[in-house]
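Naming follows writing order (A, B, C and D), and every chain is counted from residue 1.
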Amino acid sequence: MKLVIAMLMDGMIYASWLFLIAAGLTLIYGVMRILNMAHGSFYAIGAYAGASLVGFYLAGGYPPWGAYLVLLGAAIFSGIIIGLLVERGLLRFMYGRDEVVMILVTYAILLILEDVIKLAWGVDAYFAYQPYTLLGRTKLVGLSYANYDIALIFISASICFLLWWGLNRTRQGKLLQAVIHDRDTAAFLGINVTRMFTVTFVIGAVLGTFAGALTAPGISVMPGIGIEVIILAFAVVVIGGLGSIGGALTGALIVGLARSASVHLYPEAELFVIYGVMAVVLAFRPQGLFAIATARKI
Amino acid sequence: MFRSFAKKSTLTGLILVSAAAQPILAADDYKLGLVTFLSGGAAGPFGIPAQNAAKLVLETLNAGQLPAPYNTTGINGRTIVPVFMDEAGGATKQASEYRNLVERQGVDAVVGYISSGDCLAVPAVAEQLKTLTVLFDCGTPRVFEENDFKYVFRTGPTATMDNVAAAHYINETVEGLKSVSGINQNYSFGHESWADFNGSLNQLKAGVDVTTEQFPKIYAGQYGAEISALMVNSANVIHSSFWGGDMEAFLLQGSARGLFEDQTALLTTGESAMYRLSDQIPEGTILGGRGPFGVFAPDTALNRWFREAYTSEFGTPPTYPAYKMVQGILGLKLATEKAALNVNGQPSTEDVVSAFEYLEYEGPGGKVSMNRGKGHQATMEMVYGRYALQDGKPAVTDVRHYAAACVTPPEGMTSVSWIEKGMPDAQCD
Amino acid sequence: MKIATILLIAAAIAALAAGLVMPGWLTFMLTLALAKGLVVLGLLLLMRAGLVSFGQGLYYCLGAYCVGIAGDYLQTQNALLLMLLAVVACVALAAIIGLLLCRYRDIFFAMFSMAFSMILYGILVKSTAFGSTDGFNVKPPLLFGWTPGGESSPMMAYGLAVVAVTGVGIFVWNYLRSPMGYAGEAIRENEIRVEYLGVSVRKVIYIKYLLAAAMAGLGGAITALAAGHIDPEMAYWTTSGEFVFIALMGGTGHAAGPVLGSIIFELLRTYAFQISPYTWQMILGTALLAIILYLPKGVWSLVERITKRIAA
Amino acid sequence: MTSLIETRALARNFGAVTAAADINVTINAGEIVGVIGSNGAGKTTFINMVTGYLPPSSGEILFKGKSILGKTPRQVMRAGICRSFQVAQLFPDLTVLDNVLIAYGMLKKGSLSLLRPLANARSIQQAETLLEEYGIAEYLPEMVVTLPQGVRKLLDIALAMIGKPEVLLLDEPTSGVAIDDKFELMDTVMRAVRSSGSAVLFVEHDMEVIARYSTRLLAFYDGRVLADGPTAEVMSDEKVKEFVTGHHLEISSPKEPAHA
């Protein structure tokens, strides 16, 4: 019983972390057909911005609760800047290229941003653990969990809901759905696709920096953290079906639970579990679980 | 914060400029290749501290201002010109870059290599090119146990020594030791560390249970599930050879969940986080520094100079990679100068090699004896202690030293079989 | 065709002769570049069919490990035998995986192929007998019992690489002109039409996948023989990504593209390492962006443009 | 007359939507059969099922008395049924010559050669002859993406004819072609077909084209065959007038290009 609850809790926490990273990735893919490797850099930039600003804020002796707002502000601010820079400054010149070429384009951006981060923040680790420890912990069947991690589950769920609501219940969201469904027709109907792209990319980037900023308190922020998460996020969205928010959620849950089951029951398999799940899912559902259907007229 | 930010930017700017502008070489300059991680996850904890230490020591050496007996200029009077290289890209890439260093850039010797994979791949090339190469940090004992190299030396202790000493330490200091658990990274260093620790503990004390062995992916960063598994499978001691960001993340996440309240963590590389996470490490945590480095280093003139100079230059005290880098450079200097005395003039590489073999010298971490691997592998004493706050300052208590002969297999025996056979001929106090 | 083949063989002989006078580092670097070029030549076959494998590292690594393991267990240092073994093993594995993969397209092909290479990576990391992530050393190769010692050792692998690239290059050059070669482009352009022309798309892809695996295995084998050390990093996704990087850099329009691309890539990277050890990633990234922006068909298209201008 | 294609109670549903129901059609050697019906009446679905692109929900398809149910387009094509497409299925980023060469290369018996070049003096000569037959030889070096719609349609049909089919199914051969060019296109196609002796079934909206070229006419309505008989008879059928031709507005709207 204790083991089952531990497995579920660990799986949920890990899944909510994965979803935070994967959400922006899948949104950008869904709308723009760009599998954005630079999403890893956005995550890293969010983590650096969050950790350094929280450190700066707390060093000023301000009330510790404000640190959460600082994290949020850092994520939004850095996400908007980097998103606009990358989309307006680079990507818009490459629209219409092959999807695989776009992966390489964003890979190049990832390489560049890796060094930009190093130049901006150096290679020393940044810590901002105060927000992580401040919330205390909860005991659950004899196991302690950090309340911050539990909060992460709710934050992820809220983001998921917000994205769903935004896409399905707002005018802008419906226009975006039209773009997702058929870009050419949407443009023909007078939807400003270019602006939609910019807005989507910035939202996706902010989701990425937000994931980084929320992760920062629990880790040591240092070079290379972005590259480590990107393949993980890829696996999640591919399992779920590229471009689908629900798919990202399902993918995150499957990977999260599979991983925690493996850690508790068979730690040997931890390294394979994600790729194993991905291979199994793709073997039976070649387009992932919730693929966006593409019909072809002949 | 912003000042340090600005300082870092200028510093990196300087690095860029200095790297771009090729220094003009005088004919008798000593060109030294220095290979450490400058990008990726190992740059922050290892590569950059080692590079910083190298810069500091080379500058001081060139000015002839190091404490005695190192107070002669450069290496054998020749000014040392560093050539820095990133260790990223994998072993094949590094074998290739090593050739470039020697054949294209014409370095006289190379000091470097943090990754064990690189330490296994590079020596073969070094032998071909007959170039003196000092491995300063990598941990795998396989380098000299599986091969005989002529031109390659390792001035740092192996990871086996760490873990055998760690087993001794908990066997001696943990009362009622019944069980251990392990969390190590899923790669060679993690596997070997756990195997050495667990194997030697079995030899020292029968009947210690292993409650769980966790091997998360390197750079995973998220250890929630592993921490739960460690809680469910509670043990007296949790062994971990995590390093850098992984170790720090594990500490943060474990502390926040109270993992260390009824279990003691044994962190073989924990010393490097001591100052950065001083209020997050639970008191009583067992810390190692992969040798007598950092806080465990002896109080000598050389160490005092190094600590002070490094701290004032870079803002933090030096960690073990920095110590090991200095140790490597000083070994090279001493061997070269000893060879010069022997031959009365500029020594050939072969002269330096024979001078280097079985060399004994003092590094900032104390005595280094090149007495394994036919004189090519260093041994040093091992030190462990427990973390404690003294007057609110991070410190270590209950420090124990283990002689090199106690934690190192005798010449000609591999670490694995030595531990399997019950560590024969170990000379412990 | 005859003339092109003769020219290529002449170039190969010139390259071999140059090897005698080149500095060691250049010989070694070119050997690694040519070995990668072999992998990318295979990738080119797939890419011309619109399939981008992010998992060629699987066969690159498998080929290398075959050489290492067979060298140890069969007690042989015969380079040709080891290379043959590597190719056979890779084709055998590809024959199984290919059955599954030939049903996939686009990003799913890319990700699925990557999953397989990551699974091999995971297995090797777990294999302490093969040195886990540290890998192990490979004995120097022999050619019919001939032992090139010391300095000439990079020369031996270099010779093997030049001969292999020439052979595979001539094959690919002819292949691209054959119905099978064109079938790749036809599939990229319109699979439905291909099926209605009476050709099995899956079968064509399957054959291409096998060929690509064989070439990647050969490249891996030569890398192992040249570097003398192998580790699981060869199967990691970044290695596979590098191959795609090179393919885009060189261009997929001509069999020379991958070879040119990998030589330029290696040169660019090694000088980026030297000039800017701290920010070489930025240099690589910028170069890649510049090529995608200004030379969308790769560096080889520049060569074609110049030769056309000279001809005109 | 020998029957070539025979379908029995052929049906296809997409979820709740019935795209085809109870289709019983026989096509005999040498026939030129026209097919009419409004959009969604099941014409393309019928062709897709016969050529193995779309598996029927139920029913049977016979070719020369043998079942070809469950065969792939490739196998159906090899058996002797070729088709053209509403949206021309070509290799857009290749030249016209390459398109034809590839088609010839693929249609060779046995497996594809790996080393013999596709383009040689003989195969190029062969391609030129074919394109001349269809009156589009002047476009030989052009990229397909740059071609006008009518040329694409002709090329599409030419590629289908390379297979020397016993039955040729044409899906709206004149859609997207300017009204003035329709007859010229059909003349060209029919000339080629006649010389090969294939039976033809063609879907067409333009009643003038139907009247001029077909000897027999099928009228589709709501997934069913409403009428089947000599062209003049079917065209004057009351039900056909009410449900098919009467309501039918002839619009040749430009089709969007296939998503490649």
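In this text, a contact is a pair of C-beta atoms (placed from the backbone, for glycine too) under 8 Å apart; a residue touches a chain by one contact, two chains touch by 3 or more.
These numbers were taken from a predicted model, which means no experiment stands behind them.
Peer 1: Touching both chain B and chain C: give me those chains, sorted by label.
Peer 2: A
Peer 1: Work out the mean Cα position per chain and let me know which chain is farthest from chain B.
Peer 2: Centroid comparison gives D as the farthest chain from chain B.
Peer 1: Check C-D against A-B and say which one is joined by more contacting C-beta pairs.
Peer 2: Per the contact counts, A-B leads.
Peer 1: Where the centres are mean C-alpha positions, what is the separation of chain C from chain D, in Å?
Peer 2: 43
Peer 1: Once you find the CA centre of chain A and the CA centre of chain B, what distance in Å lies between them?
Peer 2: 35
Peer 1: Distance between chain A and chain D based on Cα centroids, please, to the nearest Å.
Peer 2: 48
Peer 1: What is the distance, in whole Å, between the centres of chain A and chain C, each centre taken as the mean of its C-alpha atoms?
Peer 2: 33
Peer 1: Give the residues of chain D touching no fewer than two other chains, as numbers and ranges.
Peer 2: As it turns out, chain D has residues touching two or more other chains at 53, 85, 89, 258.
Peer 1: Give me the residues of chain C that touch two or more other chains.
Peer 2: Touching at least two other chains: 125-126, 192, 278-281.
Peer 1: Two-or-more-chain contact residues of chain B, please, as numbers and ranges.
Peer 2: Only 12, 38-39, 186 qualify.
Peer 1: Enumerate the contact residues on chain A facing chain C in the complex.
Peer 2: It comes out as residues 35, 90, 93-94, 97, 99-101, 103-105, 107-112, 114-116, 118-119, 231, 234-235, 238, 242, 268, 271-272, 275-276, 278-279, 282-283, 286-288, 296, 298.
Peer 1: Using the touch definition up top, name the residues of chain D that touch chain C in the complex.
Peer 2: Contact set of chain D toward chain C: 51, 53, 72-74, 77-78, 82-83, 85, 89-94, 98, 101-103, 105-108, 112-119, 159-160, 162-163, 258, 260.
Peer 1: What part of chain C is in contact with chain A in the complex they form?
Peer 2: Those in contact with chain A are residues 52, 100, 103-104, 106-108, 110-112, 115-116, 118-119, 122-123, 125-126, 192, 237, 241, 244-245, 248, 278-282, 284-286, 288-289, 292-293, 296.
Peer 1: Quick check on the complex: what are the chain B residues that touch chain A?
Peer 2: Checking each residue of chain B against chain A gives 1-2, 5, 8-9, 11-12, 38-41, 43-45, 47-48, 186, 212-217, 219-222, 224-226, 228-229, 231-232, 244-245, 248-249, 252-253, 255-259, 276-277, 280, 316.
Peer 1: Going by the contact rule at the top, pick out the chain B residues touching chain C in the complex.
Peer 2: Its residues touching chain C are 12, 15-16, 19-20, 38-39, 84-86, 89-92, 95-97, 99-100, 102-105, 116-117, 120-121, 124-125, 128-129, 140, 142, 146-147, 186-189, 191-192, 195.
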